[in-house]
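In what follows, chain A forms one complex with chain B and a second complex with chain C.
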Partner chain A sequence: MAKTYKSVPGTLFDVTNYILLSVCALTAILPFIFVISGSFATDAELTKRTVFLIPETFSLAAYKFIFSTDTIIKAIGVSMFVTVFGTIVNLFFTVTMAYPLARRALKGRNTVLNLVIFSMLFGGGMIPTYLVIRELHLLDNYGALILPGAISAFNLIIVKNFFQEIPAEIEESAKIDGCNDMGILWKIVLPLSMPVLATFTLFYAVGHWNDFFSALLYINTPEKWPLQVLLRQIVLLSQAAAGDLSAMDATYVQPPDQSIKMAVIVVGTIPILLVYPFLQKHFAKGVMLGSVKG
Partner chain B sequence: MKRNNKKVKKLASLVLIGTITATTLIGCSQTNNGNNTPKNVVANGAETNGTKVQDPLKINIMLPIFKTNYPKDNSPVAAEIEKITNTDIHFEWVPNASYADKFNITLASTKLPTIMYIGDVKSPSFVNAVKSGAFWEVGPYLKDYKNLSEANPVTLNNSSIDGKNYGLYRARALGRNGVQLRKDWLEQLNLELPQTVDEFYEMLKAFKEQDPDNNGKADTYGMVLVKWTGQWASGFDTIKLWFGSPNKWGDVDGQLVPEHQTAEYFEALTFMKKLYDEKLINQDFAIYDSAKWVDPIVNNQAGVIVDVIDGAARVDDKIHAALAAAGTDQPDVHFMDVIGGVKGADGKLHTLPTSGFAGILAIPKSAVKTEDELKRVLAFLDQLSEPEMQTMLNYGLEGVHYTLDENDAVVISKDTVLMESEVEGINQMGTYSPVPFSHLVQQTPLRLKQTELQIENEAFIVANPAEPFISKVYTEKGAQLDNIINDARIKYIVGQIDEAAFKDALALWRKSGGDDLIKEMNELYAASKK
Partner chain C sequence: MKPISAPSMKQPSRNFRPSVLATLKRDRWLYLLLLPGALYFLVFKYVPMWGVLLAFKNYQPYTGFWNSEWVGLEHFKLFFANPEFFMLLRNTLLLSLYNLVFFFPAPIVIALLLNEVRLAFFKRTVQTLIYVPHFISMVIVASMTYVFLTTQGGPVNALLFKYTGTTIEFLATTEWFRPIIIIQSIWKECGWGTIIFLAALSGVDVEQYEAAKIDGANRWRQIWHITLPAIRSTIIILLILRMGNVLENGFEQIYLLLNPLNREVAEVFDTYVYFMGITQGAFSYSTAVGLFKSVIGVILVLGTNSLAKRFGQSGLY
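Showing the complex of A and B:
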């Protein structure tokens, strides 16, 4: 690579840029590091020192405590199941609905699209949805976490638009070569759509992983709670104890130690963060392609 | 090959049609079901949930849970309670942090449990449900039961809606608030427990300036204050009473007046400003998280917390734990002390009361259909108030979860996993009325003093005369109104605004709905006196 010539102001500009971007990056990363290192610190140290990045004494006590019962492990299992299975369901239904809608030959396409957009604009709200779920006998069933949101109308439209961008000529030539509609979808359209699929895999997966509210409403058996319900419970406990009279009990509820809270946050966040690097490559492309029309 | 393709094609279109129908159906049913289902639900509920008089009594009970572990339906303590009370109990645990959401949706679904914990008796959703007749009014029945009949009338009134009780309150100490302070610091500085506001101020000053922790550094301050500005225990809410301010609402010549319109309230605010200006309270109190409230005390940075009295023993435990970790613990020494408060200008104590209860246990009519069933459920709750049952609710089974020492005090099992998964949480269904537990955990002198003070405090509580009223204006605008006052008082304390600007904020409060609130409250007050 040839060296590019740079003027003094240009260098200055670059340096300023690097500094600004580093500051931005640090403000995003430091809290994470603090939480992670805090989860390895002893509670005494956490009350004593306010901000630090490396704990004086390295302790696994918080993690030992978390995993002393199988509650969290079970919850992680539930979350993983719902995330993996839910995402598969999401992608399957989104793609199979988006692809036909992307083809101009489909009759009634606009009516269906309008219905989709209608559902996006007018939701039933919490209680009607709850009643539907109950009538479908999905209460206390993982189905309640997966099926109601199987297709996100918004995501569907983006995927549909992406499919539309694929030149019809490619499909026509495939057809001439003897490929049927399913074949075109699987062998031609989907391979061309990896960026958009990766993006929505991530969107859906993160959505499932972070979703605590539907679990809270629809899941009545504590054994079936996903991780986020427990996470919220643990992290919010101390606030409730300080601020809410009804939370105070005959035998006082001791708020969990700071380090335990942090350890739970780490356990709740790291798994989904690990998904990012693998989808990162496609991700940037996918988001752009969904939005910019050529 | 071609035939196959056709099949796949068919399958694809089937899936597609299925998907579309499914989405449209869901869309439709969302709009329809809101009106149609409740009736069906009631019918269904009768079949599945019916508590026909059959032994043992089936009880579904919805309670908040504070831990991540919870007692199972068939765990030993629950089984023992079932045996004694001849019931079949099913717990519906709901994480406390999300109880309100779950509560609302459960109310709306009309498929209610037999017994339901109501956290906020005055919440619109519960009040509306009561007004539409969803819950039994239990008040008239209480007299027929041995324990329930001894309920405290003040707390009964506090937990009522328009004077009627739609549930059994879960009793808590009325005189629970006070001052926690560092005993060893007082001793180090040769100070007595403060008796008056001036002595309280002098103590804070000494804690800042005279090196109470004896480390030669000026690294201490007086009192920890937190951002919490709720109705109770925010520090200021207790301190204002020392100056003679009313608790929320004051009766001036027969008229209800909001506290912040009184001169005493402002005097207390000026006192807080003085504490702030002289750096006797933490300068970041407006954003200080209540989760870290006790940390400065434990770390020898501050000496006073104005909060609940029983917090002192917990702080004491924490100090001991910190010292033990450093290997310098003195197990028999108390580092904390408590007082109920300090005397005001009138030479009297004024302490902030709690409402005396922590939520109620209500009995829905859709789950308990007949009066006979209701009586059985009440008998069950009455039975839970027996001393030995209260002990069981709190500590579990003797020999398994706790033992009794030579003083008849309870020694709880150190096995936290066992306690969490079998005992903790079950006490949520007790009403603890009228008697306190028969056995208590081992009492240290500090804990004994705390209990004594809480009882003593009841004589000095400043009651809020508007407590039982349900205000429409407050339901609509209360949050904004409270925000105006909270903002103004924090700004005044930290010196961002002066007295005139504070008065402006009060005027804004009145304009933003405060006047309506005052009017409504006085109407309710007048009606209640008749």
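Showing the complex of A and C:
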């Protein structure tokens, strides 16, 4: 931290470095800004000026168009439902399993840990998993978007490592005061683990919001699609929301295809951009706590 | 060394060891807590592992798993004899190779650059911005790729047309598929990838830099002799992990850009398993393909890991 460089080559190095990093940061963020501004532009402007940051005439036509039917609103509802319930399930399963595994004295702990690690190395693969889901009658059921990913083995191990770092003396004294293991977890371990839990809550939630794969595999009915699958349908396959958008109100002038697609992208991204500042505060710290000390 | 002394060594501790029943009773709450997670791994991880036996059977939905007839290695023979096998292997390996060459070093370079920044505010701002794409779904990334590259009003092609008079069908030709995938990966994940290297770098002793400076080392030499060695073991561990995933190219990313026009270079094992299994219903055949892929993957992880150990690095296990 306290390093100081005052030489001329050092300054040249710094200037180059700052420029390179600024370019990296802009590259990461500019596509979003282009898409957002494009979604507010008119057809004429999009064909005239290809890339711009501020549209000349601010137009909400694309948004009016995509919200003229409830297809997207329904899909957003599905995604929100799966995100909220899925994250609760994730947290419950991860915490309840990580806590016993963090107790070194527990018999059979190493066997279970090894089995978890083995499952990270080798898996049955797409088809056997699909057949299990089918046997459980979870096809076309939102359970299929939640249960198969209830625990990420990787996250489990990080949370376990974090629990392990909590001094055993605190737990011992709680035990002497008459607390059982459930009580220790609830009253001592969980409150002490808030940063790490906040991180994983957000990771799991983002994972559910962004999940495309499970819905592609397990949800066959278009009306039950979460947002990501619908997004792909609209932007990549260009079948305007399974036919629904074509049945829109005739009073809307057909806006440009391109701006509709941009608007749809914005709708799919907004929730992440909204939670990101909150997320950002936590994750680096939380992840480091768990993994580095491992 | 010899077992003669072993019983006498074990004897005293055995007297203090509580019986199995007593431990079960003492830790009953812990075992109860373990139950949901254990069930999860059993049902969704270990039952499918048994399911790979389908690769050696001829699975028919109406006969079910247990009653399907055994066919031995027939599906594997069929797969290896299929000319598509080489296309899949080539596509998979080339994508992994390009990722290794272009994508893998990117976070390391950016972490090194960030590590040289003294202005805390600037560093924090850059980090905040380069992490953002990591949180965006692959569908959004593919959608943005499409919106930017399409010939129907995409800005890239509009600019190309303005200056060269021609357009390029980026998404429907074979030449552009791999570059697009690599650029997507770099854009989405390379900022996030810096976290682990920055963590490793935060542990470097500042006095080493002072000493190097007194010895006359300039910034480049300091990076070369102090900073890089500090993250060497992290680089090797990540390299091992990557080796194990050589046959995994990320289903979503490929699937979203895959179309009949670029299939020749785009189809990989994962997407092939999906199309053969889920959309065509050839469960046993595609299970065999998937099994082939995961077995090679395990061999690669264990192999590179022991190789890393032989070269004096700590390795993963």
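The definition used in the following text is that the second predicted complex is superposed on the first by the 250 of 294 C-alpha atoms of A that agree within 3 Å, B and C clash if a C-alpha of one lies under 4 Å from a C-alpha of the other, contacts with A are read in each partner's own complex, and residues count from 1 in each chain.
Convention: contacts are C-beta pairs under 8 Å (C-beta built on N, C-alpha and C of every residue); 3 or more make two chains touch, one makes a residue touch a chain.
Just so it is clear, the structure is predicted and the values come from calculations on it, not from any experiment.
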In the superposed arrangement, does A:54 touch chain B (first), chain C (second), both or neither?
neither
Touched partner set for A:10, first chain B, second chain C, both or neither
second
More chain A residues in contact [chain B versus chain C]:
C
In the overlay, answer first, second, both or neither for which of chain B and chain C A:71 touches.
first
With both complexes superposed on chain A, which partner does A:220 reach: first (chain B), second (chain C), both or neither?
first
First, second, both or neither for A:262, with chain B first and chain C second
second
Contacts of A:274 with chain B and chain C, given as first, second, both or neither
neither
Is A:127 touching the first partner chain B, the second partner chain C, both, or neither of them?
both
Quick check on the superposed pair: does A:28 touch chain B, chain C, both, or neither? Answer first, second, both or neither.
second
Where chain B and chain C land on the same part of chain A: residues 47, 93, 96-97, 100, 112, 115-116, 119, 123-132, 148, 150-151, 180-182, 185, 212-213, 216-217, 229, 232, 236, 258
Chain C - residues contacting chain A, complex
20, 23-24, 27, 29-31, 33-38, 40-41, 43-52, 54, 65, 110, 113-114, 116-118, 122, 125-133, 135-140, 142-144, 146-148, 150, 152-155, 158-159, 162, 187, 191, 195-196, 199, 206, 209-210, 218-220, 244, 251-252, 255-256, 270, 273-274, 277-278, 283, 286-287, 290-291, 293-295, 297-298, 301
In their complex, what parts of chain A are in touch with chain C?
1-3, 5, 9-10, 13-14, 17-18, 20-22, 24-29, 31-32, 34-35, 38, 46-47, 50-51, 92-94, 96-101, 103, 105-107, 112, 115-116, 119, 121-132, 136, 147-148, 150-151, 156, 180-182, 185, 206, 209-213, 216-217, 228-229, 231-232, 235-236, 256-258, 261-262, 264-265, 268-269, 272-273, 276, 279-280, 284, 287-288, 291-292
In the complex with chain A, residue positions of chain B that touch it
5-6, 8-9, 11-12, 15-16, 19-20, 22-24, 26-27, 29-31, 33-34, 37-38, 40-41, 64-70, 92-98, 101-102, 105, 108-109, 111, 119-120, 172, 226, 228, 230, 232, 289-293, 295, 298-299, 308, 310, 314, 321-322, 325, 354-355, 358-359, 394, 417, 420-421, 424, 427-428, 430, 432, 437
Complex contact set, residues of chain A against chain B:
42, 44, 47-48, 68-69, 71-72, 93, 96-97, 100, 112, 115-116, 118-119, 123-132, 134-135, 148, 150-151, 180-183, 185, 212-213, 216-217, 220, 222, 225, 229-230, 232-234, 236-240, 242-243, 245-255, 258
